[in-house]
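Below are structures written as C-alpha cells.
Shared between the two complexes below is chain A, which has chain B as its partner in the first and chain C in the second.
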Partner chain A sequence: MSANTYDAIVVGSGISGGWAAKELTEKGLKTIMLERGRNIEHVKDYVNANKAPWEFPHRGGRTQKMIEDYPVLKRDYPLNETNLDYWASDKDSPYTEIKRFDWFRGYHVGGRSLMWGRQSYRWADVDFEANLKDGIAVDWPIRYADVAPWYSYAEKFAGISGNRDGLPILPDGDFMPPMEMNVVEKDVSKRLKEYYKEARHMIIGRTANITVPHNNRTNCQYRNKCWLGCPFGAYFSTQSATLPAAMATGNLTVRPWSIVTKILYDKDTKKAKGVEILDAETNQTYEYFAKVVFLNASTFNSTWIMMNSATDIWPDGLGSSSGELGHNVMDHHLNVGASGRIEGYEDKYYFGRRANGFYIPRYRNLNGEKRDYIRGFGYQGAASREGWSRDIAEMNIGGGFKDALTEPGSWQLGMGGFGETLPYHENKITLDKTKKDKWGLPVLAFDAELKENELKMRIEIEKDAKEMLEAMGAKDVKSHSDNPFLGRGIHEMGTARMGRDPKTSVLNKWNQVWDAKNVFVTDGSFMTSAACQNPSLTYMAMTARAANYAVDALKKKEI
Partner chain B sequence: MNRREAIGRVGLILGGTIIGAEFFISGCKSTSKKVNELFDQDNVALFNEIGETILPATSTPGAKAANVGAFMALMVQDCYKPEDQKVFVKGISDLDEASKKKLGKKFMEADAKQRTELLTELDAEQKEYTKNKKAEDPNHYFRMMKELTLLGFFTSEVGATKALRYIAVPGRYDGNVPYKKGDKAWAT
Partner chain C sequence: MNRRTVIKNLALIIGGAAILPSCMQEKGKASIGLKNINIDADQEKLIGDMAETIIPKTTTPGAKDLQLHLFVLKMVDDCCTKKDQQDFITGMGQFTDLVKKQNNRSFSDCDAKQREEILLAIDKDRKDPKSTTYPPELKTFYNLVKGQTVNGYTTSKYFMTKQVVYELVPGRYNAFYPVKKQAV
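Up next, the complex of A and B:
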C-alpha cells in the first residue's frame, strides 16, 4: 500500500464523519479521516471548559472586535466569548447570500459535534412517508423499519438519555435513564396531558448526555457547559466517543488542515479512486486514494465537493445528472414561541444545571387533522426561577433592591418551536466562481428562503404556544416570532437527496451516489425531507447503516 | 436551560447588533492614570461608588468589593457601540450636573444617603425615558451604568459566590428541592 493509499477515506470529522470512521475502522478498513481545520484534542484542548463565569473578561459577551470579525455568526447566540475558537471564521470562509442564509460552521476536528444541542429523536413512519402522501418532492427510499435497528445501534453507543414515553409520533429508543423534569415541568406536563386529552405531551428531552458511566466516559455532572467541550466526556462528540473507538482499532489516520477540493473520479470504472486535498496550512495539493469514500463534510460542504468533482463529465459536478445536486435546501425554522409566569411553587427550587429541557412532540396534522399548512413542529423549553436580571417593580437601587435580587424570582416557563421546512427544488445552493475564500476556492451562493407553508406554520407555532401556556395557567404570557430565516436552526439538510430514481435523486437508499457507487454521503445532505425533530441521531444511524453496507459491498466486490 | 432559550442576558443588556468600533477622544481632562482609551483611574473610582450606591454592601459584599468600576470601564471600551460610548462618557459629567443641581455638590463629594437619593431619582428618570424612547433615540447613561453594575456584580466571583450561590460541579440534578425565603439564588 503506497503512503497515500487507504481502504477508505472519510471527509470530515463531525457527528457523521466520526461515525463513518468508527464503523469502517472497526470493520477492518484502513481509513484516513480528512478534516479541513485544526485538531482539537479531547479534554486537553477544551481551554475554557473549567473556567468560572467570572474568568471571562466580558462575562461571555461579545466585543465590537468580535462583531466586526464575524459578520454572520453575530446574527445569533453562537457569537460569544466562551467558545469563539470553535466557530469557523466568516472572513476566511465567506459565502454569497442571494437570499439571507445564516450559516454557522465549525471547521476543526470534531466539527459541530463539540457545540451541538444534543437533542436526539427518532423519526417515525409518518416522517418517512410524508413526501409520498403529500405528493411533494420525491419519496424517501426507506421507511422507519429500515432505520430502527440502526437507531438502536447508534443510541447504545452514543448514550442517549430519555424516557420511554410510548408515543407513536416519537418512537422510543434504547435509552439511558432520563434526566428529570423539575417540579413545575412535571405539573405542567400532567396538566397538558389532561387538558388536551392525551393528544399533546410534554416529555423530558432525549439528549446525548449520558446519565450513567459508559465506555470510559463519566456521566453528566450537570454543569451545563457542554459547548465548551466536556472534560468528563459526558456528552456525545467525535472526541468523546467515535474517535477513541476508531483510534483503538489501529486503523485510523487523522489528517487535520486538509481541505478536500474534489473527488477523483475514474470514468472507466465509474467510481471514485480517491480525493484531492489542499493543505490549509501550506497550500500544497495532495492526492489520497481509497476503495471507498465517505462524504461527511457537513451538508453544504459535501455538496460543494461534489459540485467541484468530475466536471469534465458532468459540468455541474458529480451527482448532478439528476438535476437535484444543490437543490432542496432545508433547515428547521425557529425563533418563535412564548413564555409566561407560573404562579406558586415559591417553596420549590432545583439543584444542578440540567443541560436539557422538555420537549413537546409534534401534534399537528396527525390522525386526519388538516391545517392550512402541511407537516408540523415540536417545542423545546424549560421552567426555571428568575435570577438577578429580572425587573423588580417599585425597587430602584440600594440594599433592599440588592438583597431581593440575591433570591430567586418567580417561576417562568418558556418554549420555542422547531418547524419542518419543505424541500423546495428552487431553494438551492450553487457555486459562485466570482468569489474566493482564503484558499482561492470558489464559494457557495445561497438562494433559499422560508415559503408560504413555513410562514403559515409559524403563525400557528406562536398561537399554540401562547394558548398552551395560558391553558396551563401561566400568567403574563408573551409570545414572539422573529428572524424567519433559514440556517438559524443549524440543522442544514438536503442538496444531495436520497431517492428511488437516479433521474430525480443524487443518492440511492444506501446513501450511495448513483453516479459513483463507492461514494457515500451520510451527513445532512442526504435528507429527502426534514421532519421537525433534531436530525443528528438520524445521521448517526444512517451513517452506521451505510458503512455496514459499504463494507459488505466491498467484500462482495460490488463496489 | 435549553441552549435555544438561553440567548444571552448579556446580549439583551448590551443591546443588539453593532457596527465596527471607532475610537473617539473622551472628554476626560484628568491627569489620573488611564486604564484604557476612554477612562482613567478616577473614572473607575467613580464607577465603583456609583455601583456601590446601586448595590451596596449589606449582609453580603457590595459592588465595590467586586470592582465593578473596572468592569464597567472594560465593557464600555470593548463592547459598546461608539454612540453608546459617547453617551456613557458624557454621562460622567451629566451625573455630576444632576448632583450639583440636586445636592449642590459633585457625586463623589456627597454622602451615601445623598448618593442614594440622587441615583433613585436618576433611575426613575431613566425608566421613564426608556419607556418612551424610540428605537433610534440614544440610550440613557444611567441605564447603562445600572445594567453594567448588575451584570458586573452578579457575574463576579464575589457576587456569584457571596451574594448568590455557585457550585462549579453540581454532580447531580434534583428538580424539586425545598426553598425557604432568604436562601440565595443560583448564580448560573
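Up next, the complex of A and C:
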C-alpha cells in the first residue's frame, strides 16, 4: 500500500464529513479526511470562547475594515469580531452572482459544525412524499421509515435535547431531557394551543446541545456562546463528537490545507480511484487513492468537485449525465416574522443564557388544507426581557437614567419563519471559468432566486406571525419581511439530488453517484426537496446510513 | 492568516490606551491613537464631559472613571462609515459653536446643571425626526456620543460584574428567576 493509499477518502470535515469519518473508521476502514482549510483544535483553538463581553475591543461589533474585507459576510449577522476567524474569506474565495446569493462558508477543520444553529428536527413522511404528491421535481427514493432508525442512531450519538411532543408533523426522537421554556413562553404556548384548538403548537427547540453529560462531554452550561466553540464540548461539532470518535479508532488521518480539485475517475472500472488535491499552503498537487470516496465538501462545493471531474467523458463533469448536476439549488427562506411586547411578569426573569428558543412546527397545507402556495414553514423564536441598553423614555441622561439602565426592561416575544423553497431546475450553479480564486481555481456562478410559491408563502408567514402573536397576547406587534434572497438561511441544499432514475437524478437512494458507484455524496447536495426543518440532523442520519451501506457493499465487492 | 494577530494587537492598543497615564499625553493631542478621525485634547475633553453628563459619577463610577469617552472615540474611529465620521466632526463643531452662542462659554466651562440642560434639549428633540431645531450633523454627533457611551457603560466590566450579574459560565438555566427591586 503506497503512502497515499487508504481504504476511504472523506472530502470535508463539517457535520457530514465528520460523520462519514466516524462511521467509516469505526467499521475498520483506514480513512483520510481532506479539509481545505486550517486545523482548529478542540478547546485549544477556541481563542475567544472564554472572553467576557468587555474584552472585545468593539464589544463584538463590526469595523469598517471588516466590512471592506468581507463583502458577502457583511450582508447579515455572521460578520462580527467574536468569531471572524471561523468564516471563509470572501476575497480568497470569491464567486459570481448572476443573481444575489448570500453564501456564508466555513473553511477549516470542523467547517460550519462549529458555527451552526444546532436546531435538530426530523423530517416526516409528508416531507419525503411531497414531490410525488405535488408532481414536481422528482420523488425522493426513500421514505421516513428508511431514515427513522438512522435518525435515532444520529440523535443518540450527537446528543439532541428535546421534548417528546407527539406531533405527527415532527416525529419525536431519542432525546436528552429538554431545555426549559421560560415563564412567558410557557404561558403563551398554552394560549396558542387553546386559540388554535390544538392545531398549532409551540414547543421547546430541539437542539444539539447536550443536557446531561455524554461521551466525555460536559452538559450545556448556558453560556450561549456556542459559535465561539464550546470549551465544554456541550454542542455537537466535528471537534466535540465525531472527530474524537474517529481518532480513537486509530484509523483516521486528517490532512488540513487540502483543496480537493477533482475525483480521479477510472473509465475502465467506471469507479473513482481517488482524488487530486491542491495543497493550499504550497500550491503543490498530490493524489490520494482509495476504494471509496465520500464527498462532504459542503453543498455546492461537492458539486463543484464533480463538475471538475471526469470531464473527458462528461464535459459537465462526473454525475452530470442526468443533466441535473448543479440544478435545483435550495435554501430556507427567512427574514420574515414579527415581534411584540408581553405585559406583566415584571417580577419574573430567568438566569443563564439558554442557547435555544421555541419552535412552532409547520401547520399549513396539512390535513387537506390548500393555500395559494404549496408546502409550509415553521417558526423559531423566544421570549426575553429587554436588556439594559434599551432607551428609557422618561429619563434620557443623568443619574436617574444610569440607575434605570440596571433594571430589566419589558418582556418581548419574537419569532421568524423558516420557509420551504421548492427545487426548480432553473435555479442553478455553474462553473465560471473566467473568474479564479486565490489558488487559480474556477469559481461557482449562482443563478437562483425565490419564486412565486416562496413569495406568496412569505406573505402568509408575516401575516400568521402577527396574528399568532396577537392571539398569544402580545401588544404593539410589528411584523417585518426583508431580503427575500437565497443563501441567508445557510441551509444550502440540492445540486446533486437523489432519485429513482439515473436519467433525472445524480445520486441513487444510497447517496451513490449513479455514474461512479464508489462515490457517495452525503452533504446537503443530495437533497431532493427542502422541507422547512433545519437540515443538519438529516445529513447526519443519511451519512451514517450511506456509510453503513458503503462498507457492506465493499465487503460484498459490489463497489 | 494574520487576522488573529491583528485582533490581538488591537486589544493590546486599547488595553494600553486605558492604562496610559495622562501625563504622557502630548499637549493638544488626543490620548489614544486614532486612524481615521482627528481629535485634539480639547475635543477629547468635550466628549468626556458629555459622556460624564450622560453617565455621571454618583455613588457609583461615572463615564470618566470608566473611560467611556475613549470607547466612544474608538468606536467612531473604527466602526463608523466615512460619512458618519465626517458628520461626527462637523456636528461636534456645530455643537461647540451652539453652546458658546447660547451660554457664552464652552460646554466644559458650564456647570453640571447647564450641561444637563443642553444635552436634554437635544435628546428630547431627537424624538421628533422631522425637527430642524438642530442641524443633522449635530444630531448624528450627539447620537453617536450617547449611543456609544451607553453601549460602553452597559458592556463594561464594572457594569456587568457590579451592577448586573454576568457570569461567563452560568452552568444552569433558571426559567423562573425572581426580580428583586434593586438588581445586584
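By definition in this document, the second predicted complex is superposed on the first by the 559 of 559 C-alpha atoms of A that agree within 3 Å, B and C clash if a C-alpha of one lies under 4 Å from a C-alpha of the other, contacts with A are read in each partner's own complex, and residues count from 1 in each chain.
One rule holds in what follows: a contact is a pair of C-beta atoms (placed from the backbone, for glycine too) under 8 Å apart; a residue touches a chain by one contact, two chains touch by 3 or more.
Quick caveat: nothing in here was measured; it's all calculated off a predicted structure.
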Three-chain arrangement built on chain A, chain B and chain C clash or fit: clash
First (chain B), second (chain C), both or neither touched by A:E68: first
Touching partner for A:G205 - first (chain B), second (chain C), both, neither: first
Touched partner set for A:W227, first chain B, second chain C, both or neither: first
Partner chain(s) touched by A:V183 [first = chain B, second = chain C, both, neither]: both
Touched partner set for A:G381, first chain B, second chain C, both or neither: first
First (chain B), second (chain C), both or neither touched by A:E346: both
Touching partner for A:G416 - first (chain B), second (chain C), both, neither: first
First, second, both or neither for A:N80, with chain B first and chain C second: first
Which partner, chain B or chain C, touches more chain A residues: B
First (chain B), second (chain C), both or neither touched by A:G357: first
On chain A, the residue positions that both chain B and chain C contact, one per complex: 50, 52-54, 57-59, 61-65, 179-183, 186, 221-223, 346-354, 387-389, 396-399, 401-403, 405-408
Residues of chain B defined as touching chain A within the complex: 1-14, 17-21, 53-56, 58-60, 62, 74-75, 78-81, 116, 119-120, 123-124, 127, 146, 150-152, 154-157, 160, 163-164, 166, 168-188
Residues on chain C engaged by chain A in the complex (per definition of touch): 1, 3-4, 7, 10-11, 13-14, 36, 53-56, 58, 60, 62, 74-75, 78-82, 116, 119-120, 123-124, 146, 150-157, 159-160, 163-164, 166, 168-179, 183
Of chain A, residues touching chain B in the complex: 50, 52-54, 57-65, 67-68, 74-77, 80, 117, 179-183, 185-186, 205, 221-224, 227, 334, 346-354, 356-357, 380-382, 384-385, 387-389, 396-399, 401-403, 405-409, 414-416
Partner chain C, residues of chain A touching it in the complex: 38, 47, 50, 52-55, 57-59, 61-65, 81, 84-85, 179-183, 186, 221-223, 346-354, 387-389, 396-399, 401-403, 405-408
